[in-house]
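Structure provided below as structure tokens; questions to follow.
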Amino acid sequence: MIVITNSNITDERIDEIVEQIERTGVQAHVSRGTDRTVIGIIGKAEPTLAEHLRQLKGVENVIKISKSYKLASRDFHPDDTVIEVKGVKMGGEHLVIMGGPCAVESPEQIDEIARLVKAAGGQVLRGGAFKPRTGPYSFQGIGVEGLVMMAEAGKKHGLLTITEVMTPEYVDVCAEYADILQVGTRNMQNFDLLRKLGTIKTPVLLKRGFSATYDEFLNAAEYILAGGNPNVMLCERGIRTFETYTRNTLDLAAIPVLQQLSHLPVISDPSHGTGRRELVEPMAKASVAAGANGLIIEMHTDPDNSMTGDGVQSLFPDQFANLLKELEQLGALVGKRFDTPKEHAEQFATWVK
Amino acid sequence: MIVITNSNITDERIDEIVEQIERTGVQAHVSRGTDRTVIGIIGKAEPTLAEHLRQLKGVENVIKISKSYKLASRDFHPDDTVIEVKGVKMGGEHLVIMGGPCAVESPEQIDEIARLVKAAGGQVLRGGAFKPRTGPYSFQGIGVEGLVMMAEAGKKHGLLTITEVMTPEYVDVCAEYADILQVGTRNMQNFDLLRKLGTIKTPVLLKRGFSATYDEFLNAAEYILAGGNPNVMLCERGIRTFETYTRNTLDLAAIPVLQQLSHLPVISDPSHGTGRRELVEPMAKASVAAGANGLIIEMHTDPDNSMTGDGVQSLFPDQFANLLKELEQLGALVGKRFDTPKEHAEQFATWVK
Amino acid sequence: MIVITNSNITDERIDEIVEQIERTGVQAHVSRGTDRTVIGIIGKAEPTLAEHLRQLKGVENVIKISKSYKLASRDFHPDDTVIEVKGVKMGGEHLVIMGGPCAVESPEQIDEIARLVKAAGGQVLRGGAFKPRTGPYSFQGIGVEGLVMMAEAGKKHGLLTITEVMTPEYVDVCAEYADILQVGTRNMQNFDLLRKLGTIKTPVLLKRGFSATYDEFLNAAEYILAGGNPNVMLCERGIRTFETYTRNTLDLAAIPVLQQLSHLPVISDPSHGTGRRELVEPMAKASVAAGANGLIIEMHTDPDNSMTGDGVQSLFPDQFANLLKELEQLGALVGKRFDTPKEHAEQFATWVK
Amino acid sequence: MIVITNSNITDERIDEIVEQIERTGVQAHVSRGTDRTVIGIIGKAEPTLAEHLRQLKGVENVIKISKSYKLASRDFHPDDTVIEVKGVKMGGEHLVIMGGPCAVESPEQIDEIARLVKAAGGQVLRGGAFKPRTGPYSFQGIGVEGLVMMAEAGKKHGLLTITEVMTPEYVDVCAEYADILQVGTRNMQNFDLLRKLGTIKTPVLLKRGFSATYDEFLNAAEYILAGGNPNVMLCERGIRTFETYTRNTLDLAAIPVLQQLSHLPVISDPSHGTGRRELVEPMAKASVAAGANGLIIEMHTDPDNSMTGDGVQSLFPDQFANLLKELEQLGALVGKRFDTPKEHAEQFATWVK
């Protein structure tokens, strides 16, 4: 940590600041410049020291050199985290595909979509039972019933399932039915939810807040990791910018950046990241080329009549199937292994009794 | 609502879309242009119709002309909402001042600050017992104990109290001790929390999400109003932009905009809106000049040693007192009445037994 | 300047970096931390040293402690700059009002508007002869002819004039006719234009680029100052954010921030800053309360038929006149002197022969 | 075009608006809704009509359905534009690679880099002779001398050359020495420069303003096209967002979006788009996977000592060569032809006498 003082600070005040610093058990090295004085702090500072120093009189700025997250950092855990659920591996060289509708609507709908996801080579079925909606009068999801329908469809077709959980009190029931829990972009800093997810072992797909920096994103992951759940995946899903033609701006540089800063798998969401069906295919390919560990893609058999209105960004089943074939080839060029349906079948065979 | 079709749509497809629209009980008026065709929808459409139409083949865009929120809209409720708690009025011509520390730290701290807030002419004591923090290793607040300390200080000095609530399960206990509940910027779209707050009558200060549009902000308020709680105040507290010199960019145009779109009181937070003590005073004055119904300002007796590190944006007590005198004069120029401490004393005298 | 090294840097590499630094004639102080090593640089470094060091292997970050601009900095010039043109003072305690149409349209139009600006108490007549437009098919201004019309109207009614200059080759002709030259938001980093403006003495109103940081803004001013023209005014005119309800987000904190960092006058433009007539009044008041040294406001006698389409943000003459009365009172509360028309008349009397 | 009226508009006022519209020679269709009235405009409206209507009393909003640019639009020109210079094709299925240093520094430097670009399979040599710099004290490029050095290196090694032009008066000299002219991000709306570039036939690489929308970007291209120069390429080079870890946020969705809206080639700049060497490779691959028609990449033989300080984002020659091999394979998967050095040699042989 480095403390930069005001240009007109007195020697006396510098001494007082040094004393405050050293009282906490670390060392302070003072470098007097022609203009400003800089105090370097050596040793393991308490997490709150920077916050404390920043508010002292005479201090212009405090710069943290070490990161504020630890368990999420690659410095701490150099190897890629690979999460395995029922034989499906996520992270490292494995390219995982999560597909399905925005919302679970009926047993028939989710069953048919599950069949198509599996046939195309996907490994995970996505679907929302609880939907976060901007306004109170929009369709809010069908609730626990939807979880049951999706669990059955996943089991029948040999797919893992992922669903969004919005509030701490629903974590347990969601974890009972789904293999992976998703935290939505609006809840990335719902700290009570993150803390609750730290108490279980179910893998969590943490979506980046639509205005969260990489640092805030990794700190949010740190909440879950620090609670004791090591199974966290990061999901880039587009950020909010001045451009409104696309629903969000998919920040693909986040993929290599997060993989450098952290060991956690990084998944890309080209559906929410663009909000337009015709952009999902190029952005899915770009995500894989950038090194993504997986993709989460909306697909619907009847997007014209989806209940959430997100049909506009859902692929048709044939588009989804064709895309997966292309992604397999692209993945091979960047060192990503696309586990095939046959392998899945065997994995699931060993798992389902 | 207006539906704009693709330029190459067939007449047949237009007829199909019109049929779908009219099946929902509204009328469709088709205007064929040289380039695109436009379908106007007349009558009271279902809330989900726009979402449905947007995903139809042949539809390029759907433009909502009516707003998606109703109870929060001034169209629906032309007069200013004035919320009264224990004789203190908030909204309309009343200028309310909420002051206090970022976090409650001890009984002595909050008592002394309450005394100073009251002496300066403030009406509400602010203080956090539960603190939302970016990283899990930062100070998280002292919890329920802090609520008790603040309630006592408020009662003793004749101040209302406001505190942040972060999760639905804590709403009841916070409402037991505090007069106003605050929803923080990161929780503006924590819909379960908003729904829970709709079930009580305690006034809510809803902070704008740091990347929320006005429309999303008013829709978030609508969740609380639609639940049955009419006592909502909106708080502009700065948005996230490319500028990093200030902690946030305080969007003061939000004040007149929200007052035009809505009847709810609009409060400004120059402390979080700037993150720098020296900017609080000019931005507080600017907020009042722009028509704010009140201000929420951090003040601390010993900002160098605040536990949250937010001391850097806290005013010293004398700065706070001087500012309030100036705000009173400014308020008078823009038609805002600054209720004085003497009036408060009388209000509270009638209320406390 | 501070150099922060990578965590895995070798001692040998540190020595090489130190050697490179010291070869430029400054001193390097090495502080080895438990994690990273920090090298403090003491002495007057060459402007390009930071850029050079940032690209060295082993260097993680370089933090400049001194500012990259000098002539624009208050450190260098502690007193407020007050620019005087024909007796009108701009900067310091003087509150200057610039009013007029978006574009000069005809001699009658600009004459009538000049009369109204003067009658209301304004000191400067604004009007565009060359208009920067997003698309090539929009009205581009009437050119030099407009400059002549505006100069005549200004002279007749005793007003200074300000107009936008878009390209270096038009600087001389614009300076011949106008008292103040304006650089538009899209040209804030048109460095050839800035350099040319540095070669004259005509005051320049430099508008902030709609996505420029304070630092970039002050560096743009530095181009003009470094060229030899000390008469620069800074103009906050709104920045681009995710919010699209307003045309821009008027960043009023820029006013006190720029006044702290720099000695140059800071003018606010609530017309472009909001793009909506009904927001001009509250934002003009807020600007003065925040400490602005002046305002530039669009006013039109027939906004419904303005040629640029900016009528939507132009005040009607009576609104303009009423606003100025209110600003005078507000200015008095924050220590700003509103020079009255009578004073102007005398100033101009002494000046116009 | 659609005009949406205020909710409280009178029938009389609607009639007046309709009359104003029809006086311009187009038809107005009125649809009265329960809440607002909508006026659809049919026929070819004058470009300024929307601007005019927006400022009328009683008008809430005007929505343009047709685009404001025409020559840049794919509606107007359905086939991909392919620009051919000295046998090198840019656009359509051709993948063009532009490589070289940020700035031309010496004849030896540019000659050696040209050799390496050619050997790796690049077709265009990039290099700046005039450099736009945030502050006036930074290195500003070596000027015309640099143009001469680069032209010689290009000729010797069989490469096209591209360089940035910053001001209208330098367009002719830059066009004399370089094969392609680049407009930098800060000059995207330097309309005098764009107009001047419309008067020549030299191809122009127009960089997106770092805060420009797609619509503004295509309107800027329209200035050049409308002037008579059909040879425009669009370059996505990163936009400004709240994230500061990367220098900019490379908006890769811009590639398919611009290719859908326009027929012009779209080039990606992963060097400026990220500002970090280690991100150039993944973002270059992602750009090709997203369908880019080419890339412009900084490469330097001695990035530690580049004169502009941009070495931090420059690839080393071996990284550049390896990347091009990988891009060739990726390109093949997405239907992009990577013209090889051998082909170039033959092209140039036919061209250089």
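To keep things simple, chains are lettered A, B, C and D as they appear, and every chain counts its residues starting from 1.
Convention: a residue touches a chain if its C-beta (ideal position, glycine included) is under 8 Å from a C-beta of that chain, and two chains touch if they have at least 3 such contacts.
Computed from a prediction, not measured in an experiment: that's the story for all the values here.
Novice: Relative to chain A, which chain's C-alpha centre is the most remote?
Specialist: For chain A, the chain whose C-alpha mean is farthest off is C.
Novice: Determine the centre-to-centre distance between chain A and chain C, using the mean Cα coordinates as centres, and give it in whole Å.
Specialist: Distance between chain centres, rounded to whole Å: 41 Å.
Novice: Any idea how many Å lie between the Cα centroids of chain A and chain D?
Specialist: 32
Novice: For chain A and chain B, let me know how many angstrom lie between their CA-based centres, rounded off.
Specialist: The mean C-alpha positions of chain A and chain B differ by 28 Å.
Novice: Where does chain A touch two or more other chains at once, residue-wise?
Specialist: Touching at least two other chains: 211, 240-242, 244.
Novice: Determine the shape of the graph in which chains are vertices and touching pairs are edges (line, ring, star, complete, other).
Specialist: Chain contacts: complete, every pair touches.
Novice: Using the touch definition from the top, list the residues of chain C that touch chain A in their complex.
Specialist: For chain C paired with chain A, touching residues are 2, 4, 7, 29, 31-36, 38, 40-44, 63, 65-66, 75, 240-242, 244.
Novice: Give every residue of chain D touching chain A within the complex, in rising order.
Specialist: So the residues of chain D in touch with chain A come to 211, 213-215, 239, 241-246, 249-253, 255-257, 260, 273-274, 278-279, 282-283, 285-291, 326, 329-330, 333-334.
Novice: Taking the touch rule as given, give the residues of chain D at its contact with chain C in the complex, in rising order.
Specialist: Listed in rising order, the residues are 47-48, 50-52, 54-57, 68-69, 132-139, 166-169, 186-187, 189-193, 210-211, 215-216, 219, 222-223, 226-227, 240, 303-312, 314.
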